[in-house]
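Next up: the structures, one after another.
In the two complexes that follow, subunit A is the common piece, with subunit B as its partner first and subunit C second.
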Partner chain A sequence: MSKMNLTRRGVLQTGAVAGAGLALPTYLSAAAHSGFTNAPTGDTVTLGFNVPQTGPYADEGADELRAFELAVEHLNGGGDGGMLNTFSSKALEGNGIMGKKVQYVTGDTQTKSDAARASAKSMIEKDGAIMISGGSSSGVAVAVQGLCQEAGVIFMAGLTHSNDTTGKDKKANGFRHFFNAYMSAAALAPVLKNLYGDDRAAYHLTADYTWGWTQQESIQAATEAMGWSTINDVRTPLAATDFSSYIAPVLNSGADVLVLNHYGGNMVNSLTNAVQFGLRDKQVNGKNFEIVVPLYSELMAKGAGQNIKGIVGSQNWDWKLENQMGDRYAGTNAFVQSFGTKYGFPPSQAAQTCYAQTLLYADAVARAGSFNPCAVGEALAGFEFDGLGNGPTLYRADDHQCFKDVLVVRGAEDPSDEFNLVEIVEVTPAEQVTYDPEHPMFAGGALGECNPGA
Partner chain B sequence: MFGLNTKDTTLLLIVAMLTMFAPFILNPFPADSAMAQFNAGYPDLMQRFVIFGIFAIGFNILFGLTGYLSFGHAAFLGVGSYSAVWMMKLLTMNVIPAIALSVIVAGLFSVVIGYVSLRRSGIYFSILTLAFAQMSFNLAYSVLTPITNGETGLQISLSDPRILDGAGAARYPNLFGAEMNDATTLFLGGWSFTFSVGYYVCAVIMLLCFYLSVRIFRSPFGMMLRAVKSNQQRMNYTGLNTKPYTLAAFVISGMYAGLAGGLLAAMDPLAGAERMQWTASGEVVLMTILGGAGTLIGPVLGAGFIKYFENIFSKINDSVLHSWFSFMPDGIEDLMVTLVHPFVGKGWSLTLGIMFMLVVTFLPGGLVEGGQRIGRLLRRKPAKDDSASGKTEPAE
Partner chain C sequence: MDAILLQLLNGLDKGSAYALIALGLTLIFGTLGVVNFAHGALFMIGAFCAVTMQRFLTLSYETIDETKKDFLGNPLKVSSTYVESWFGPNIGSTIIDWAVPIAIVMAVPVMIAIGFVMERGLIKHFYKRPHADQILVTFGLAIVLQEIIKYFYGANPIPTPAPDMFRGSFDFGVLLGFDPNAIIYPYWRLVYFAFSAIIIGAVFAFLQFTTFGMVVRAGMADRETVGLLGINIDKRFTIMFGIAAAVAGLAGVMYAPINSPNYHMGMDFLVLSFVVVVVGGMGSLPGAVLAGFMLGILESFASMNEVKDLLPGIDQIIIYVVAIIILLTRPRGLMGRKGVMEE
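So, the complex of A and B:
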């Protein structure tokens, strides 16, 4: 290093600059705190839709975005109104939210926590979004929910199925309409017992992040309770595209059921690999080898093609629900109608949950008479509603989780067209999938206090 | 001033002005105008500019001076983030211990990786560092999940111990009570400028880092590193052992990366494994080359350039495009949207790739060389390479 020449002037100058630098944050923190983050001032209000446009969940993300656009159109009084007509709460009038026209911004989560938070932050800080919704991965949802809690905006979770989202990582500013892994397991277990008996050995392949972990835990607990044994649980990276090396060991493991705790592109690839390895034609322990995919959607069925036939799983919602199961699920047909008119095909469950979440948020604002996240949160907590396609539903105040009926579905053996790849086996009533907020799989977190931000 | 010559002092002052007035400079368009799409003056992005600036400055000390191309620097960034978040979970939400620990841990980590990797040079060194980084990524992703929380990422929660924080302590990262996400907005006519605490904390640290890097560039130590780049064999023949110098450069740049990682976590208390992925390592290489490897200001410019594309271009969706071209007749409007669509939104990396190709082909010295050429054109002087940043050379 070169020689230091300390002069009186130099020391003073350096000291002054350093002092100013250190003093600046103190000055800034004195900023006035008034109201809440991004309080809408003009005649518009901005919502942020943060969905995966790239990565393994991109198909779901694209469908979510369509649903968001449709919801905004309906909120602003455009189109045929969709589920606004069947929704049990009549606070929304089709003139935006509290008379303010709804605008939206979109972002790409890339199915990565870091990118999702960057994108959500830019929506909050740059575009002034008052609510963030979306996310097709629980890892992302948990990360963005944490961010919204810190920033003081409402997070209306889209597609996130991990127990943790409303379990140990629940937040006062976060709300989830979608069902969760525990509910899937509770709905699936009786059906699996009927179909495959109570003496089975299961082998789990699990996506290695919060959703996979909790779903595997839930399914294992539910199936073991009815007599199944669990041979092994292998974790696979979310970014994996080829699962051959994970499937091969299943063949000689002695297992007669393969549970794929995979979603989106992961599931399409792993199921295809499993079928290519001839698993479904195998006989083990004198029984037919079976594959179970606890959570899947029409979009994934489309991706998996022939391979999905006869595969049992669970869903939050299906577009055929009202037609097959009756009026209890009112709203379904209205939504399918307007979605189909706009885009030319029926919506997926991801689309339905995002559409419902947007409407629920808008309705809560209208009922609370304020955009303040705390007021909105209060209006949502404990809210009972109907007519959004899932039948009577409760937004439980203890953990901000919706409780409603769960569908058990199966890949159609002989689909009439590409929109009927999945058939509904039965609908499990909400009471059967309801759990205590302090259930061990959900314990360990706290909602905390609602944060309205600056 | 500050032990620098006039030219470097000017450069330092320019950088200081740019960072201090960034909220104004990056928000040139009124908030309501259609061009507001291109404003980058919001806290999160400004923080990213300076943090990745620090990362690239550090990388440049290794790559720009010694010519050793490390493809594993993201490992240090990730390690820094994890240590910072753990500090905030266990000790206190004050960012000082978090940042300090992230620098120390990244330093130790880089001593180990550097010691092994620097036994080789050229492509073998790059591959070794890449291998180490990929190992760290996989460890963080699926092996050390109790420490890193895997794919989900490590977050703070209400139930963390935080033994130094009392009951009434701030719940979010802060510097002696000044919370990082505190901000104040100045409205001037149609313009709005946001000043955030977090940004200015990062900016002051970035200036210190920049100053340190100028001093290193101008020191005998820096000269030694340049000598390594120009001919290491000759140095060995004259009886000099170059290894301590290269290792020191590696560790310094590793600590810069750790500092950047710690700051990222301090601004937003989350650490994810994807920060360590090889794409993140590649990104800093792109930043440095795009800006101008071996120059002082280049890496900072490159970092800003790439982060701008990632955050601004990726947000232009079809409805924004339609509103841009709405003045055209319907058919042409749709045609224009179809033509532009692949280059914006999720196609931002395509645009960035094309820009990178153009820069490397026509401006091998990066953006800095572009600036020098423009400067020379304006001054109408004959070409003479005497810039403050020294001779620009293409990457090894």
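So, the complex of A and C:
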């Protein structure tokens, strides 16, 4: 019988090594075996969908989740195939991704950066997710994108509109299909000039966080370039609910346009308050007072009710796009048909971007012939595609931002039903919203090196 | 001058919401000694009474219009409300238009019933527990209530407009000799202010001029002695809990047209209302009303651009700065009574 020699030093050393091993995140230990994080080994591959399931954007998150479920169904060969039938790339065959059946796990971002990082981390470490997608906030997108870069997985952003996501906070492992604040401004400015003239004085109310700042900066620059002046920019707390004390000073400020750089509940409340104070009926400088909401969403339009009538803004996509603007936007009707048949109502722009991102990721894996995030990143960077509802689109290699047409929309004056609250005013071609990768509004960051997690 | 008058009106309007919620909070604290963190949820449920009434009055039946198509290309289902088909389009649409004021009739019994169930079913078991326990259980209850509302109504705000005749703005400027449109204020916010004043007055009158109110006030001052006189003070306090719930609910019903109700709106007001109660003095009804209006007005003035230019960010912290100053100089709040929350 052998005798064990237990010494205090030996126990401590063994414990330290074992502890370090246990403390090592599973994505790092997995990577050590196969060259990249969470390399799929069986006949399935797991995607992680990180959406707000609680909190103020829970309805938008639910719509994103519906789109993800539909995308997975189509990738696995179920349903009618949706936009797989119209997608210009034909690498996907409806047999999962590279023959592996797609399964998914979900996380709840709660629209809080720390909670979103925790749920993404859990999906990567515990569930073995190889890609993370979703979200309804730029703060969350930037935080999760950073985590995915560290973990060595691909991040396919959901609804995030701040310039920073593909500007100063861009990452090699992160990709954004949704448009951004600069693009909204570039699309809106010429339309605003046509509608309201080039001699206008604007007053901005701006949500006091990353998205609000970049939105305000972009709109101010674009409108001033066409001749408007800016009377004031007032930052409003994100937690504000009653905007009456911020609206009141607008009345006698000399401004004849109010720009609401708000989103979600902020936008619904600030717009409601502005209409209550009679701004829509007001005349200033001999002109009708106008309100502009740079970033629209269908859910916000629903929340604002009658107050949204005639208010101009921008969108990434709209379910009526192909019917009204023609075949250039092929894929829209296919997606609306699939989504509407399954869920009973048309998809939101958040749903469309999440569905497109899932297909784009799967397609990139198939074209690369590998799940390695660096190979997937290479396949996505510089990829030109069509048939996903937005017209011809480029995933620019310099910053991983998609460049495509942008919609200028307006609240319908007389909506025929609850799904037609927004009407398309104009579609601005991608060339008009394209900017230099070194544009000052996007400066200060670098993609860096792709991280496979090895 | 016109900007100052506008912010004064804003402050009175905000203050009336704070005062109404804080009044119920301090009423519960003064009678039952309970720190009720679920009070904001009662305000939110009140707002959803208005949403529910609006949905009830717009209950519809569907007919198929073969000439029109829905978004999938199928024949369009056209909704028509029962109210309009029963009462005709004119009277029917007027009834629907007045959904929010009509909701008051529903909200009072509903909120009193919810108050009774909350008090008898849960809160009474925590009367003799530390305030920390009360805060934990009522905060948990608030989260449960808002999740229930979210389950049934979703997370998105639901527009609940005021009757058409109150949708415009009143031109105070002309009335006060200013230029037209210099000081305009939404009708419904004026209605809200007047409504709050009536409710606050009614609560005070009820406590001041009725036998029931006299007993409650006596119980608030010395619960034991009132009990020794053979009066069932617990029963009366339970009724006061129901009344406090109804006050919060009515504040919520009338607030619905000001900002579209969402499941989280109670939490938005809760912390501010607690600050109002503490500044006014725990358990002091006049203190809650005074502090509500005072903080509402200060918050509005702090949002003025001239003030923000001097003190950036002051609009976000003014209420807490004032609360600190008042509690440092008057530790029991503006009108707090000796011995309350000091044991």
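Here is the rule we go by: the second predicted complex is superposed on the first by the 420 of 454 C-alpha atoms of A that agree within 3 Å, B and C clash if a C-alpha of one lies under 4 Å from a C-alpha of the other, contacts with A are read in each partner's own complex, and residues count from 1 in each chain.
Methods note: contacts are C-beta pairs under 8 Å (C-beta built on N, C-alpha and C of every residue); 3 or more make two chains touch, one makes a residue touch a chain.
The structure presented is a predicted model; accordingly, all values stated were derived computationally and were not measured.
J.: Should A:Pro237 be classified as contacting the first partner (subunit B), the second (subunit C), both, or neither?
T.: It touches subunit B and subunit C both.
J.: Using the superposition on chain A described above, determine whether A:Val268 touches subunit B (first), subunit C (second), both, or neither.
T.: second
J.: Based on the superposed arrangement, let me know which partner A:Lys282 touches: subunit B (first), subunit C (second), both, or neither?
T.: second
J.: With both complexes overlaid on chain A, does A:Tyr343 touch subunit B (first), subunit C (second), both or neither?
T.: neither
J.: After superposition on the shared chain, which partner residues are touched by A:Glu150: those of subunit B (first), subunit C (second), both, or neither?
T.: Only subunit B is touched by A:Glu150; subunit C is not.
J.: Between subunit B (first) and subunit C (second), which, if any, makes contact with A:Pro249: first, second, both or neither?
T.: A:Pro249: touches subunit C, not subunit B.
J.: Just checking: does A:Tyr435 make contact with subunit B only, subunit C only, both, or neither of them? Give me first, second, both or neither.
T.: A:Tyr435 contacts neither subunit B nor subunit C.
J.: Shared contact residues on subunit A for subunit B and subunit C?
T.: In the superposed arrangement, which is not itself an observed complex, subunit A uses residues 54, 237 for both subunit B and subunit C.
J.: With touch defined as at the start, can you tell me which subunit A residues reach subunit B in the complex?
T.: Residues 1-2, 4-5, 10, 13-14, 21-22, 24-26, 28-29, 31-32, 53-54, 105-108, 112-115, 117-119, 121-122, 125-126, 138-139, 142-143, 146-147, 150-151, 164, 168-169, 208-210, 235, 237-238, 444-446, 448, 454.
J.: Contact residues on subunit B for subunit A in the complex?
T.: Residues 1-3, 39, 42-45, 48, 141-142, 145, 150-153, 155-159, 172, 175, 177-179, 181-184, 194-197, 200-201, 204, 207, 215, 218-221, 268, 270, 272, 274-275, 311, 314-315, 317, 345-346.
J.: Please name which positions on subunit C make contact with subunit A in the complex.
T.: Where subunit C meets subunit A, its residues are 2-3, 6-7, 10-11, 13-14, 68, 70-72, 76, 150, 154-159, 161, 167-169, 181-186, 188-189, 258-260, 262, 264-265, 268, 299-300, 303-305, 308, 315-316.
J.: Give the list of subunit A residues in touch with subunit C in this complex.
T.: Checking each residue of subunit A against subunit C gives 54-59, 232, 234, 237, 239, 241-242, 244-246, 248-249, 251-252, 265, 268-269, 272-273, 276-278, 281-283, 299, 302-307, 319, 336-337, 340-341, 345-346, 416-417, 419.
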